[in-house]
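Read through the structures below before going on.
Shared chain: chain A. Partners: chain B in the first complex, chain C in the second.
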Partner chain A sequence: MALNTTKNIKWVIAFLVPTILLFLFMYAFSLIILFGSSFTDWTLGMKVSFTGLRNYLELFTDNEDFLKSVFNTVVWIGLQATVHVTIGVTVALILARREFYWKFVRTVYMIPNIISSAALGMMFLCFLNPDFGALNSIIRLAGQKDFSQNWLMDYKTSFFTVTMMWLPFAAVVTILVLAELAAIPESIFESARVDGATELGINLHISLPMLRNIIGTCAILAGTSMLQKLDMILMTTGGGPGNRTMNLPIFIYQNALKDNNFGLANAAGVTLILIGIVTVWIISRAFRMGHSNT
Partner chain B sequence: MSTPAQTIDRPRTSPKKAGRISQPGVNPLVSMLKYAFILVILLISVGPFLWVFLSSFKSNLEILNSALALPARLKFSNYVMAFKIAPLAQFYGNSILIAVTGTLLNLTVLGMSGYVIARFEFKGKKTIMSLVSMALLIPGAALLLPLYLTVRNVGLYDNILGLILIYAGFGLPVSLYILSSYFLTIPKELEESAYLDGAGFLRTFLTIILPIAKPGFGTAGVLQFLLCWNEFQFALTLTTGLKNRTLPVALFYFKSQFASDYGAMFAATILVVIPSIIVYVLLQEQVVSGLAAGAVKG
Partner chain C sequence: MNKIMAVSTGQISQQKDRNITIPLDSSRPFTQVFEPCKKNATIDRYFSFFAGMEADMLETSSYRTPSMHERGMLTMKNRITRKAILLGLALFMTVSAIGCGTQAVTTSTGAEAGKTEQSAAAKTEAPAAEKSEAAAPKEPVKITYPSYRVGVQVSSQTERTLLKEFAEKFGSEVEVVVEELPSDTAYTDKLKILVASNELPDLIDGKNGMLDLAVKSGQAVDLTDYLNADPEYKAEIGDAALNANLRNGKPYAVSMGRQLVGYFYNKELFAKAGIKPAETWDEFMTNCEKLKTAGIVPLSLMTGENAWTTNLLLASIVGTSGDAGNAFMNKQFPASYETPEMIDGLKKIQAMLKNYTTSDALGGLYANAANNFMQGKTAMIANGPWMTPDFANPEKSLPGFDKMVGVSAYPGSGMFNSYEIGYIICSKDKEHADAAFKFLKYKTGIHAQQLALESDGIFPLTDKVPISEELKQTNPLVAETASVGLKAKYNYMFFDVISQANVIDTFAKLYPELAFEKITAEEMVVKLTEAAARNKE
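== the complex of A and B ==
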């Protein structure tokens, strides 16, 4: 027997209204402003005028920073959905054996993911500092006495360095895969062991296929997280040197709040949402998500 | 398994398989690679943090001369200095106020709708749920400018209330999933007998459901708290001046002020990070189950 809706209709509505209002305020209005103004010429203090697709044309044909931002964003999504997820799954498969250290590793690995990423960026900024940073000091200690590398602001190393600030830290993937592994009945692994399968064989031929859906979910989460990376870049390189480490959030931030070019920034925002939708579509296709394991 | 382990292991296991030893899979080389890998993971996760932590007790001279040495003695002058350079106490107060109220508001609003969605059938329920899943797909950075404009227009710019509202809204999809799926695990019979005893809707919700649903609120609450505490981009764009800033933004704005005093910079970073780590270590299980619950639905 379902609880009676008609009898409690007033309460049902009253309990829904705050959420609906919050949703409208946060998302609905924002999306209308975003899409609408992306077709206009709108700079602070100037009259708004409809210009059709001109913002988009300008971005895609004429704006080097934008194209570099799109390129970097897409590359980072790709790396995050593949390398990052692989690292997280590997850690999970190792920890799933529940050897003595597993809980400790799970906790410590999570630290970079739960602290404020602005603070994490600050830590890396200090850690990688060419003068007093730990990394260069370690390399000098290891023998290269005069070693000095400005990891973040050197054209050659900046992209790689920024990527490494998030690529290895896949604890969320590890936690999700561990939760899923715990749900696989132990008897399946037992019988494989009785048949003489190696741990590696079990991981490759039994665990991984059964984890397909959750790994797909992780790839989506990890990939789309790259659509929001603003704080760490702003704290460390600010998109530089040049536009080497620029991504779409940085581009939007600069155009919207520094140059006050609202129309252009919102056209970039629409592009960002579209990239997200395409990412989700491609990954769920690649992992045949939603289909049950056979 | 990672590919290097796989390529090294392959030629060795196949002949072994034929032997049917009782403990399969314990290849010493694979084990070594495994432990080395875990060790690297531990080092990169905690290395920078530990280094910043230790350096926060050093003098500027020590930091510049011997970056890797331990502090000569444990002194807190850098922390005192950090509070002098930036109004950190003010920012701490703001961060706590915003995180606590943002979490409470989020849990209240979504606890209500989560309950109704889990328990009642009504028109538009499917629409609400699919709109909410759509919201998960929208990156915060895309909303940066629209929300800035909306918040300005309703007069909440540079106002702590504005940030509280935005953060409560940001956690909307995840909290709704976690809470409504928790309500679904509570047996309906409890409410039905309460109704038979003459209790109304509100009393049933407050006295029967809420106490049982505490763990669900705990899980959603921890994630929401961390979101509020750590958020950066909206704290940056929706506030101006010192009065309403939060800790993560303080780091950004005082980066240049701190640049002359490295010790204070390290100390300020540690001050921002410590509360998140404490909350996580104390409430780890909630975080873990919350992440799992949120992801499965998303």
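== the complex of A and C ==
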């Protein structure tokens, strides 16, 4: 018995050490540098000097772009954790009826998620081009002869257009919810039907409550994915027009790699991490995750 | 939920119950607990462990349930595991710390050596060079060279030719390791990371602010001695080109070409509107209006990327506005953009963006602007002669398009005349710097200049490379650009040369705001000044 235990420990170590090392050097180390350097004046090619809270003061008191970025990031997290997840769950509930089309729709719906997002950005850029883009051409064909809308660069439409590049494509949510739905025993639905419950009633009073944990997980996944949304925006608007579609990753990218101001960018990075933590905390609370259903 | 689980996972729950019923006594060693059922002990443990775990997961309660704690076995196990993890961690931390330590020492000595050698480059015999000569077997020195002139980039063919020729001639001495970075952005982003980690490659292009970063971070090698040691090559570059991009009064970069840039216009569309290239900017605006009335979009503008074609027009308006404006466009890194010439120029650009360009100009890319012109959709595009090969390319342009295009100086007789910043050596030791210089010399010498002129329309640095009659026949637009350029009254440089990289991004960011009248020209220059101020010295 004692022999067995030591054997296990070896395995425990073998499995834990790579992860712990990876965590230490890839994340913990970077996080410490990130956090530390956010209190310094660190411009590329120059000496690093400690400046206390100056970066944070600059960000929160007179940096319009930063405040707009935080605002946009938070709005996008909110939309993603609510609207996006709702769309995904609704599709899952429809597909769960196993009508003749369900496998086809599930596959087609998944396609946008398996294309690299940089390529997706390029596709949207062409699709939405005001001159030769498909969207404007279709509207022109439909009768509006002189129609020309610069979807991505017009102040009126840019935020909406950028949001629509990811908001409706909730296939990951759908897949996860479908899997969880399949795990609910059919007998429950059967007994509900025997008792005369409608489909809507079953969805509202049986399926949704039982899916609470997975929906919460999806909300966290979808919400936090907005903390790292860079490539699609970079490929299409670059945060423009002005700072209309700028989010924190774009702001950090521009400050670090365009202005060479690593100190300021890292202060924004710390803010981004804090927003992420708060997001996860709020969503877990909202869905009472980790509690049983009774 | 619990009830449902009981239905669906009945078996597991049962096993869990059985597990709990095993009598536990923490005072007894846990081996004894299993004594009565020794034969099945292993299997039992296996089941109980997993069953417990799974049931717990399904209940979604945390692992630290009392039932788990009651099982002394696991607590014991935990304690041992924890000790083991700590021990293992400590061991690995020590090992890795030692590893890191040695590595750090090596790198820093390497860097130190590099620095001392750089400063001592004047002295003919550096220790590293001696050592390398002593180590007799002649392996070619490997130098790293990142390049954005790859794939379908306009100068990629010339680049490939030069690399191939160099490998044939000097391959036994120097091996050039090329890292392909498609697009300017990819190139600059990568190099900026390498600046921060003090690992710049042996030879880099100094554009987009890289020259200043390389010099400031102390990685660029002063080329004074290399150039003085080779007067023939120095003459091929010429003083004008060398002096155009000094830093701290020293040449760190060798230019590879001169840009003469006017603008191209579509002769057929001009004839249709009954106009000729404008002499003044007022006439230019009137021409635009006439083209528009004739149903032709006048200008190919774009504000995405570096807002290239738009900024060329702005620079020309400012550069031809008189002595003050011309001086502004010839001085690097202006501290303030708040000049009357800039404000006037931006007002004109605002009118052009609003009335005289394509619907995809805002946020558009260079490819969009070029395509619009080459497909005959727009009448004018501001761009340089490197574009001319595309005019004859049936895949990109209308058939016979090269015959339709004329080139002109900007209104007010202005023309860009700007030396490329060129290549910088950032080697860590003299051996590599020497090798990199050999490649640099090949890449910028008279032969390379000739090749660049003939295939890319990039003008040579001095008149040592003549514009041949043959070239006038094969590419008349290039020859025409040269003759127009020599007559121009005002010469000036690109914003991409006189402004810092982040100011260029600010241009691109603010043009849509200007076009939508969210900001005025007066407000825009203030924001440009602010962007310039963010580059701390």
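The definition used in the following text is that the second predicted complex is superposed on the first by the 274 of 294 C-alpha atoms of A that agree within 3 Å, B and C clash if a C-alpha of one lies under 4 Å from a C-alpha of the other, contacts with A are read in each partner's own complex, and residues count from 1 in each chain.
Everything that follows uses one rule, which is that a contact is a pair of C-beta atoms (placed from the backbone, for glycine too) under 8 Å apart; a residue touches a chain by one contact, two chains touch by 3 or more.
This is a predicted model, so every value here is computed, not measured.
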| item | value |
| --- | --- |
| First (chain B), second (chain C), both or neither touched by A:H291 | second |
| Touching partner for A:M153 - first (chain B), second (chain C), both, neither | second |
| Touching partner for A:Q254 - first (chain B), second (chain C), both, neither | second |
| Which superposed partner A:L16 touches (first chain B, second chain C, both, neither) | both |
| Contacts of A:Y56 with chain B and chain C, given as first, second, both or neither | neither |
| Touching partner for A:P112 - first (chain B), second (chain C), both, neither | first |
| Chain B versus chain C as contact partner of A:T43, first or second or both or neither | second |
| Which of chain B and chain C A:D131 touches, first, second, both or neither | both |
| Doubly contacted residues of chain A, that is, touched by chain B and again by chain C | 1-2, 5, 8-9, 12, 16, 20, 25, 131-132, 257, 262 |
| Contact set on chain B toward chain A in their complex | 1-2, 5-6, 9, 13, 16-17, 20, 24-27, 30, 34, 37-38, 41-42, 44-49, 51-52, 55, 63-64, 67-68, 108-110, 112-113, 115-117, 119-122, 128, 131-132, 135, 137-150, 165-166, 168-170, 172, 176, 188, 191-192, 195, 201-202, 226, 229-230, 232-233, 236-237, 247-249, 251-252, 255, 262, 265-266, 269, 272-273, 276-277, 279-281, 284, 287-289, 291-292, 295-296, 298 |
| Chain A residues within the chain B interface of the complex | 1-3, 5, 8-9, 11-12, 15-16, 18-20, 22-23, 25-27, 29-31, 33-34, 86-87, 90-91, 93-94, 101, 105, 107-112, 114-119, 122-124, 126-127, 131-134, 136-138, 141, 168-169, 171-172, 175-176, 179, 193, 196-204, 214, 217-218, 220-221, 224, 227-228, 230-231, 234-235, 248-249, 252-253, 256-257, 262, 265-266, 269-270, 272-273, 276-277, 280 |
| In the complex with chain C, residue positions of chain A that touch it | 1-2, 4-5, 8-9, 12-13, 16-17, 20-21, 25, 41, 43-46, 129-132, 148, 150, 152-155, 184-185, 187-188, 210, 213, 236-243, 254, 257-262, 290-294 |
| Residue ranges of chain C touching chain A (in the complex, touch as defined) | 1-2, 4, 7-8, 30-31, 34, 41-42, 59-62, 77, 80-81, 84-85, 88-89, 92, 96, 188-189, 192, 195-196, 209, 212-213, 216-217, 304, 358-360, 362-363, 368, 372, 501-502, 505, 508-510, 512-513, 516, 518, 531, 534-536 |
